[in-house]
Amino acid sequence: MRETRKADELRPISIDTSFNRYAEGCALITFGHTRVLCTASMEEKQAPFLRGTDKGWVTAEYGMLPRATHTRGGREAARGKQGGRTVEIQRLIGRSLRAVVDLDLLGPRSISIDCDVLQADGGTRTAAITGSWVAMRIAVNKLLADGIIENDPIHDQLAAVSCGFVNDTALLDLQYSEDSQAAMDANFIMTPSGGVIEVQATAEDKPLHWDQFMALKKLADKGVQELANLQMQAVADA
Amino acid sequence: MRETRKADELRPISIDTSFNRYAEGCALITFGHTRVLCTASMEEKQAPFLRGTDKGWVTAEYGMLPRATHTRGGREAARGKQGGRTVEIQRLIGRSLRAVVDLDLLGPRSISIDCDVLQADGGTRTAAITGSWVAMRIAVNKLLADGIIENDPIHDQLAAVSCGFVNDTALLDLQYSEDSQAAMDANFIMTPSGGVIEVQATAEDKPLHWDQFMALKKLADKGVQELANLQMQAVADA
Amino acid sequence: MRETRKADELRPISIDTSFNRYAEGCALITFGHTRVLCTASMEEKQAPFLRGTDKGWVTAEYGMLPRATHTRGGREAARGKQGGRTVEIQRLIGRSLRAVVDLDLLGPRSISIDCDVLQADGGTRTAAITGSWVAMRIAVNKLLADGIIENDPIHDQLAAVSCGFVNDTALLDLQYSEDSQAAMDANFIMTPSGGVIEVQATAEDKPLHWDQFMALKKLADKGVQELANLQMQAVADA
Amino acid sequence: MRETRKADELRPISIDTSFNRYAEGCALITFGHTRVLCTASMEEKQAPFLRGTDKGWVTAEYGMLPRATHTRGGREAARGKQGGRTVEIQRLIGRSLRAVVDLDLLGPRSISIDCDVLQADGGTRTAAITGSWVAMRIAVNKLLADGIIENDPIHDQLAAVSCGFVNDTALLDLQYSEDSQAAMDANFIMTPSGGVIEVQATAEDKPLHWDQFMALKKLADKGVQELANLQMQAVADA
Amino acid sequence: MRETRKADELRPISIDTSFNRYAEGCALITFGHTRVLCTASMEEKQAPFLRGTDKGWVTAEYGMLPRATHTRGGREAARGKQGGRTVEIQRLIGRSLRAVVDLDLLGPRSISIDCDVLQADGGTRTAAITGSWVAMRIAVNKLLADGIIENDPIHDQLAAVSCGFVNDTALLDLQYSEDSQAAMDANFIMTPSGGVIEVQATAEDKPLHWDQFMALKKLADKGVQELANLQMQAVADA
Amino acid sequence: MRETRKADELRPISIDTSFNRYAEGCALITFGHTRVLCTASMEEKQAPFLRGTDKGWVTAEYGMLPRATHTRGGREAARGKQGGRTVEIQRLIGRSLRAVVDLDLLGPRSISIDCDVLQADGGTRTAAITGSWVAMRIAVNKLLADGIIENDPIHDQLAAVSCGFVNDTALLDLQYSEDSQAAMDANFIMTPSGGVIEVQATAEDKPLHWDQFMALKKLADKGVQELANLQMQAVADA
């Protein structure tokens, strides 16, 4: 449980865009002890279902190292299948990013986002989404700088943050010890100007009141705003 | 696109609780041309991770017959894996139902919900959740009637409905032709008294305004209320 | 065990050709409490191994809803593979149907049959085959009516029925309580004029005499004749 | 196509019971160029579904080496799944053998039959079944000789042979060049005294007359009788 | 443990090149009780990653019959995946053979080697490699004889043998009873003239001295020389 | 290709033992641009095949992030199986570590090593093995410090390095640009005192001379010595 951190305060955030030297875009993002390596790989080939069009695609995969967590979890590659949680999260990441990309302007190419959780202390999906936008932004900037595409296909910025009710208090950016006790857990994926990309709120144990949901929304507005500023700075410094 | 149906009007709903003679609870539910067979199977055994406790569990699986849709889709059993959409939906169904069940009162047994889409015209997940509650309610009523459990573990009712923005209009209970054009698609899982179980809203193509989301919420309140009444009637007639 | 039904009497049979509004051909067939949804999907593409020819193909898949049976069985899609019984049955359905279709006359297209058991009380494979012929007949009639093909590729009719020895009595159309006690279980797939498509007879526990097999054959002739009449009526009414 | 062999004549048959030095029972059986290695492994453990009883079980697995055939086929282990034909055949072998074994007398142990096709020229399933009985007989004889069981659980002998109509002629024991042209292909698994274990007859392309089926049955009686004599000799020599 | 065999003596070796009548090259090789069937299949198609070049490829697969061993092991095809040991061995076989083949001279075709262990008493991988070279040599000789290729793509010969330290003695060609006790197990794949293709040495339980490794190397030189002579004789007799 | 680095010089090596805060032992090891995260997880449960004994086990898993490499590779978890190279490497890591651990002294517990390649520029397996020993050493030191075990089960130290012949020059610690051109690639896993744990040498394209292999061995002695010093320092600083 947070000790000195205030209810509406993010954990310490850092974004390192130089961790991986091969990817076209990279962001090693930390939300407190949560650490996710996001890479964006540009590939000059289309997704199979887009053949015959001039459109591009953005897709994402998510994974967690077995010992990212307090106790070791299984390795999905060894088990031979991705778990339901993994599938759910990677679909969410891809869907969210596509909502701020003009796939026609991207042209007949693909952006593959990989989000790999190196250490997990709650909020891995929101860190992953926030970092992925940075990695994608850097990779697309290279395309523009190299003259491969002319018009910027990214038409908006997005960041994600979780909020939840713990002991009747609305908290921003839950760490694991909070998340595991939350009566409601919500993830907000929004633009700096307040636009909604995706909202997912889930009550645990029993239904909650709508005004509780609205209290979380208010926290998210603040969190997303702060994350968006840090993203812009990381991109500028890259 | 809806022709005579109003923007805030549900499709014709029917709930048949006698379609399957073996399941402890059953609801063949239709939302217009969408038809989902929901069964609740009581099993006197615990989920493996609950061994050593006195708690029960509610789990759900979702499937779609290959020709439920306008054109034939593949059979997941033949492909050897459930798709990401399937996994996402069945996790949602199970999570939602557990939010209205006291797992301690249920005792060391399991309720397995199966939702199989026989025909699909949009809204299969909301029909599945709405029907599953009916099937579960009937199955638990039998446990109570047979004296196997004493106190009702179901502490609330829930129903689900989709809403979306199509051509700048907020519509209740999207059919497929609407869903495929919606700028925002939201699913609300709520109690008759307005409690929130789960909310999922997704913007397509570009971010939306928060007041658009709120307009959908208002439609959902109406839809869930009407569905809840039909559920109670179906349970009473079972 | 059958009570008022005679040894050479079929269970009540019904065939509903309107249950699914999207498939080119459909038959929801019931043999007593056994209920199988058969759909025929026409696809204007060839099976890969026929590329370079002008031939078509008929293929079938079979599945059973988890709670079709008295107690819940596992979901094959969730387990990640089709069981041996499923594979055996779907190969039988496809092979049988192809024996009455001229694949050259069908032309470069495919008929995909899906047989999904909604409720199971014995004889699911014979109900599936009998219903599949109806669904295929209706789908091909549409091709003919639409002028897509000129000559009817279906050169014969077929129906299937099970027979078995229970307590030294030869019985037609076994229900589950009989099937599970039968000393020999045989499935006959035949034409109304007595032609043999496929015969499978299996002794349980110990070998049987050939004249016992012949007694089952005689029952099958009667059953197939009656089923064939019901099929023709269903097609005429479609 | 057979040249000097008569229509009612088996191919040259050989049974070598010493090919594998480790298995409790072994038969390397050849039907002409078809060569199948059958081993019977006794295991002092029960099949899981028999726990709590005193019964045993007989199970079978079937495989084909990739280059057993004229052109190389894929390796099922590398593809990660057994094909439908493999599953069908191994279920048939196990079911047939169990029909001549008293599982109570076998006691709480298992016989695992492995049939691996080293070379294939038609009739691999009938060779496999005929050889498996020999391997099982030898393995059970050891159990009896070692006093591990007192009463012989094998209550009958069985052998299998294929028959078919090629160019309007009924032929016994089809080789591949015949099998691929047969208008009807039937497999008979019978006892030397004419008892029926399993009969499977399949028409290709179009239905056949019942008297054609009966002509095949007559050939099978002769073939099974001859195979049964060779089996007894092989067991005696083992 | 070897009784009359000397420390630097191979087990009795035999190579039968006529066991399989369909493969372009075949060697049923025995090292004592170890018996491996090696086939070489020529296929006039390129490996996918070589499309657009004129090069060929040599690939290998390895398998073990379930009852090749003292007690029955599982069937990889039934388990749905090849074990780690299998994967390791088949990669080794393919890699070794490619080291003596000029893939440009082979031209746009593939050689598929299948090594199936019919009986296993230690040394299956070295027997497999030694036999595979024979099968490949015979298959390529056919290509040359048929004028399909003009220049011999096989530029060297290779054979493989295992060595190990057991009770402080260096032994050539370990049988299973020795292999299971060896403090170091090494496999040498070499040419008759002493060239190195692949060396793998593994210490069990604790590190060994380099001079122990060198003692094994000396034994391997002798063993490979003898195997190479037997290979040439088998090819000459084929 | 190395520019200023000498033929017998390692790349810059670093070992960070604090990267992961949850694992019992951790080493983020870099060999130049190759970066592998090694964690050791202590689990108080036995491997299934050791039940009934007092022994422990050491096992390893290996993975590579999709964009660890110059171009993106597939994700094994998404493909549903680990590739042959992965399986080979993780078996090698586990086997090597077990050669320096007394499994009886370890007692009834397991050490799970995870090696995840964050960036790959050649030599990932040798970096993984070298780092794994550090992670394991730290984890076991904790067990000793906590009094969970009394006697140190690790009886020796090991490190690994690759060597190869490139353009007729023997090079130590190959980077990717060298590895891809090497005529022979060898991996040596040795103790600081020169003991041999595992040696694997593979010739590419054509056989090599034994004295070339010996030249690589000499380089490896130097490299392993240097790595061993860095390991001890990292453990001391942990």
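General observations
Order of writing sets the labels: A, B, C, D, E and F. Residues in every chain begin at 1.
Keep in mind that, in the parts below, a contact is a pair of C-beta atoms (placed from the backbone, for glycine too) under 8 Å apart; a residue touches a chain by one contact, two chains touch by 3 or more.
In this text, all values refer to a predicted model and were calculated from it rather than measured experimentally.
Both chain E and chain F are touched by no common chain. Note on connectivity: the fewest chain-to-chain touch steps from chain C to chain F number 3.
Same interface as E-F, judged by over half of the contact pairs sharing residue numbers, among the pairs A-F, A-B or B-C: A-B. Mostly identical positions are employed by chain A and chain F in their mutual contact, as over half of the interface residue numbers are shared between these two copies.
We define each chain's centre as the mean of its Cα atoms; on that basis chain C and chain E are separated by 50 Å.
We define each chain's centre as the mean of its Cα atoms; on that basis chain D and chain E are separated by 33 Å. Taking each chain's centre as the mean of its C-alpha atoms, chain C lies 28 Å from chain D. Touching two or more other chains at once are residues 80-81 of chain F.
Viewed as a network of touching protein chains, the structure reduces to one closed ring of chains, two contacts apiece. Taken together, the chain A residues at the contact with chain B in this complex read 81, 84-85, 87-88, 90-91, 95, 99-100, 155-156, 158, 184, 190-191, 194-210, 212-213, 217. Of all residues in chain F, only 19-23, 33, 37, 39, 41, 43, 61, 63, 65-72, 75-78, 80-82, 86, 112, 114, 116, 118-119 touch chain A in the complex they form.
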